[in-house]
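Chain nomenclature is as follows: A, B, C and D, assigned in order of appearance, with residue numbering initiated at 1 for each chain independently.
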Amino acid sequence: MLKVGIMGASGFAGEELIRILLAHPEVKITALAAKIERMHVSKLYPWSKAMLDMDCFDMRAEDIGKKTDAVFLALPHKVSMDFAPVLLKQGKKVIDLSADFRIKDIAVYEKWYEIKHECPEYLKNSVYGLPELYRRDIKAADLIANPGCYPTSIILGCAPFLKKKIVDTDYIICDSKSGVSGAGRSPVQALMFTEIATNSFRPYKVNFHRHMPEIDQELSNLAGVKIDVNFTPHLVPMERGILSTIYLKLAKKINTKEALEIYKDFYKGEYFVRVLEDGQLPDTKNVVRSNFCDIGIKVFPEKSLAVVMTAIDNLVKGASGQAVQNMNIMYGFEEKLGL
Amino acid sequence: MLKVGIMGASGFAGEELIRILLAHPEVKITALAAKIERMHVSKLYPWSKAMLDMDCFDMRAEDIGKKTDAVFLALPHKVSMDFAPVLLKQGKKVIDLSADFRIKDIAVYEKWYEIKHECPEYLKNSVYGLPELYRRDIKAADLIANPGCYPTSIILGCAPFLKKKIVDTDYIICDSKSGVSGAGRSPVQALMFTEIATNSFRPYKVNFHRHMPEIDQELSNLAGVKIDVNFTPHLVPMERGILSTIYLKLAKKINTKEALEIYKDFYKGEYFVRVLEDGQLPDTKNVVRSNFCDIGIKVFPEKSLAVVMTAIDNLVKGASGQAVQNMNIMYGFEEKLGL
Amino acid sequence: MLKVGIMGASGFAGEELIRILLAHPEVKITALAAKIERMHVSKLYPWSKAMLDMDCFDMRAEDIGKKTDAVFLALPHKVSMDFAPVLLKQGKKVIDLSADFRIKDIAVYEKWYEIKHECPEYLKNSVYGLPELYRRDIKAADLIANPGCYPTSIILGCAPFLKKKIVDTDYIICDSKSGVSGAGRSPVQALMFTEIATNSFRPYKVNFHRHMPEIDQELSNLAGVKIDVNFTPHLVPMERGILSTIYLKLAKKINTKEALEIYKDFYKGEYFVRVLEDGQLPDTKNVVRSNFCDIGIKVFPEKSLAVVMTAIDNLVKGASGQAVQNMNIMYGFEEKLGL
Amino acid sequence: MLKVGIMGASGFAGEELIRILLAHPEVKITALAAKIERMHVSKLYPWSKAMLDMDCFDMRAEDIGKKTDAVFLALPHKVSMDFAPVLLKQGKKVIDLSADFRIKDIAVYEKWYEIKHECPEYLKNSVYGLPELYRRDIKAADLIANPGCYPTSIILGCAPFLKKKIVDTDYIICDSKSGVSGAGRSPVQALMFTEIATNSFRPYKVNFHRHMPEIDQELSNLAGVKIDVNFTPHLVPMERGILSTIYLKLAKKINTKEALEIYKDFYKGEYFVRVLEDGQLPDTKNVVRSNFCDIGIKVFPEKSLAVVMTAIDNLVKGASGQAVQNMNIMYGFEEKLGL
């Protein structure tokens, strides 16, 4: 049994990791840390009563390392970069769900996150944990930079077309919609039930969201040219799920059928990416609490327009599920084990 | 035009008062106070943009008095008792939505609210603002103690039977369910969208809610004997609405039809209480954003049991709507004006 | 008092008309028709008990005409074109909420709605009831073609830029999101509570929605060139509200501030269109149950991109509220009376 | 691998069975039947795409029997009694989720369900599938009558007190609240998203619900005297979960601590029943998508009142999860396997 620890167990991603790992047949949770007063995990998460017998408290990274083989960092950015080096030096494998090791260009990271990166030397070996693109590197990695939720939904939606180089890379529009859990667990007036459940749907941070540099980096890698995406996130009055509607100008006249073949071909053998049939469109409810990414495509050749729609669960394929998928790859387990 | 002010404009009851009073043809809002940094009301409530041009800020009671004829106190308990005397001394009429002037027995108030009452001399003349029971007193009052939301739903549901003295007063069970706005606007972890919208329905404060002494006082007055109610509040994953299911043991064999007649007779001429026909049951959605209280009754003579079900909007008939109803009575306006 | 009737009283738009008109000081509802067995309106809508005393039943248009001065047709397309002529011949004014008199090009109408238009002669004099564009014509009209919900949100969002002719009209992208009431009231599996409230957010009818010809017609009129919009509607798990995120390629380098001035200038004096300040974005909850359209704008000059976001209540400004606004204009009432 | 079939795969209980059984390591689904036109299960349930490759269609019971070792009947009452005998005669084990084999008194069944029972001879050997009460019988059974959702929540909540004979059995009040999935999947106006998500909370079928005879039967068995319960079900605007608030008059003066000991003792060793600590109350969200039943208790000795609050997921412990728990017991698997 692989012994794993979770730092940041009191956030949504941490909670989701507990939920997933409890059902994983090859893993045993041996440490739970969070910046809270020490309490039994069943007090923190009453749903887990009788399922997990362990305290959660503000443990030092070093002490977690001693109890574990691998550690998930479900922490805010900046905090991860303090802890990851400690664990890596102890020889532990680290799967970091923050943004700290995702952006390869330090200047870009420091501009968007408005802090100094304290251990840029780790960026060289960190692997962007999107298995469908970087499986081979993930297998060999010690430090995984687990992708953000919006980026996962957008990169998987654009990859096949970009790789084929049939997209006008100057005018990519990503209109994304996320459930409220994407905003985290801290008590904030604007995220109270009474604010959201009153028919509230709204955009925020238009072309200003911190996931943008990550999207740009990966789309640029795929296309081989620098891409500067347009990105509008929106808040949907539901707990979970992201749906991204991506508008791509096609440089080549193809129809929906041909587009679907490009996508099916690109994702052949990928269990967690489901390219939908012609006429079917994704719905977040079909992927919620699963690690799947559903992709639907409509092409309008007369307009040179492709509309790609992707759906994921922001806490699963967009966070903790993908983290476990990465863990499975790193340790040679079946990739979908426990997912 | 009657000039009115609202203290506590940043809470739910305050917001609802603004909404209702903006549509009231005989009233002009002339002062808005709240414990916030000064801002235009359209920043506090973007829905009100173009409807109301006024700043809201932390104003002294005295200054509000100077600008108004009547003042609504949509404040937490304890705060109201500081401000009401100031306004009353200025000759203003005060409608207080807190609990401070509801409980006639100071010892009971001080036990349940765990503070000393600072102006008990005002309790003598304060009127419990339930128009269906105390209309005549309200007409003449300067200080209204506007009823709580749960009490309104329960007192209106029990009054006809209690007045008829056909209820076993030893074993009254009130199982009440409230929308989340009843819990107020302060950001609290347990009331975040992501906590509630995940299929959360739960009881709280079983026989321990601060509305209990108020319920006991009024039911005892109606019955002429001391009543000690059993009260279980629950939180429903919706914004608004209270439904109370009240179980009464009947001391006399009557059937549903006879019960309905007792209720219809008791509430004859009351516009805001709608006694439903036999076979119909209340639904909170039918009273939401209105000042109505819907009452459905089923009697099981063979079990000597009456089940009375009442529905109100906790923010309207359970707070701000009833406050405006009281204002209408105090100033001789048509009782349903603006409601 | 103006006597008005509603045909199609059992649908959402019909219900909303009742709600609005009950509070309108110059109007009296004198007829309610719907394709249902005859019943008191309080049985159809328990919320209206004590507010309106009238039966609703399957009445002939002619009979409704006899009881009214003006009639709202809240009917499906095709049904309206059967009834409108009857009423118009009786000299009644008609406000039609269906699509039957919106599309001036009969061939386009017949293609999208897949039926033959039976009274094309009325199209000449019908007025597209968007007051912010056609107020003068509305004043004089007998037959109003009340706009669709999505078109209202998109046309108001594009009008100022199109009129200024600074938009690349070849590549307009409208990504719209609507609450579930937009889909109507008929019981359909896919719209059950249990299907939607399970974290369901989804696109539908990509570039295939019947509101498209209406949008194209009006945008083309504004721009003076033929526009063929891209339109993706989505279903949001909430009752009401539409938010449209519109991506416009600007032909001229302007910044957000300049754009806001263009919009404020265009909508000067328009009570129901609120152009938000720089940095503010619309939220459907701010317009729900009101007739306002909120517009937020962000321009990215370096990308020649403008993102215009509009929010309306699909049942109010997107249907019944706008219908009453039109009625107010037609009869010389204050435009915002009762709204 | 145990081969299992599901009849009624298109309903909520059927869908939940698929979800649970797909994760069960000792089971293989080999037949899916439903009264629908033949389609691949991924068309019926898009979430299952890539997880299950099988058609679902209107299969005869006999043909299902040929493909399976055990069959779950997730069918309406009356339909089950047609199919169960066919399967039993083939030597299959049957777990029936309908009411057809729950009520031992045929007259009572026929009165409440308003049909003739066609195979009363099977009632003798059918076992009421509540493992916490009847585990030994379940082990040996061929035909399980899987309990209803409300009954599960109420029987588990009352059993320890009734068994101890310290309850006044004349006046048991069960105030239950259920998520909307309890009402089934058929498209019904009253269960549309737009009807429920508008702040709708309501009681229905007061002392008139078909689960009552089942509750009475089992409570009477436990108490050893005939019990005639009072039962008010309510509809909560959420997908899943039942919370029952049960008011019991105690014949003996005990306090909360003593009550908790009685419950902990009664449920010692029961994994799926979690008796909460003093001061903790159940919340449906803690049991949703799990097979747990959480029980909270508050006793008011001075009032001789016990308030017992239980929470389950109506589709899991209240239906499909309990069915799988029964299967595990029947086949000697670990009781919580796959749950």
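Criterion: a contact is a pair of C-beta atoms (placed from the backbone, for glycine too) under 8 Å apart; a residue touches a chain by one contact, two chains touch by 3 or more.
None of these values were measured; they are calculated from a predicted model.
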Centroid comparison with subunit B (C-alpha atoms), farthest chain: A
B-D or C-D - the one linked by more C-beta pairs in contact: B-D
Where subunit B and subunit C are represented by their mean Cα positions, the distance between them in whole Å: 37
Gap in Å, rounded to a whole number, between the CA centres of subunit D and subunit C: 46
Geometric centre distance via CA averages, subunit D-subunit B, whole Å: 39
Junction residues of subunit C - those touching two or more other chains: 195, 198, 237-239, 283, 285
Touch list for subunit B against partner subunit C, complex: 23, 46-47, 49-50, 271, 274, 280, 283, 285-287, 289-290, 292, 294
Residues of subunit C that touch subunit D when the two form their complex: 12, 180-181, 185, 187-189, 191-198, 237-239
Residue ranges of subunit A touching subunit C (in the complex, touch as defined): 171, 173, 175, 177, 179, 195, 198-204, 206-207, 228, 230, 232, 234, 236-241, 243, 245, 247, 249, 281-285, 288, 296, 298, 300, 303, 305, 307, 309, 311
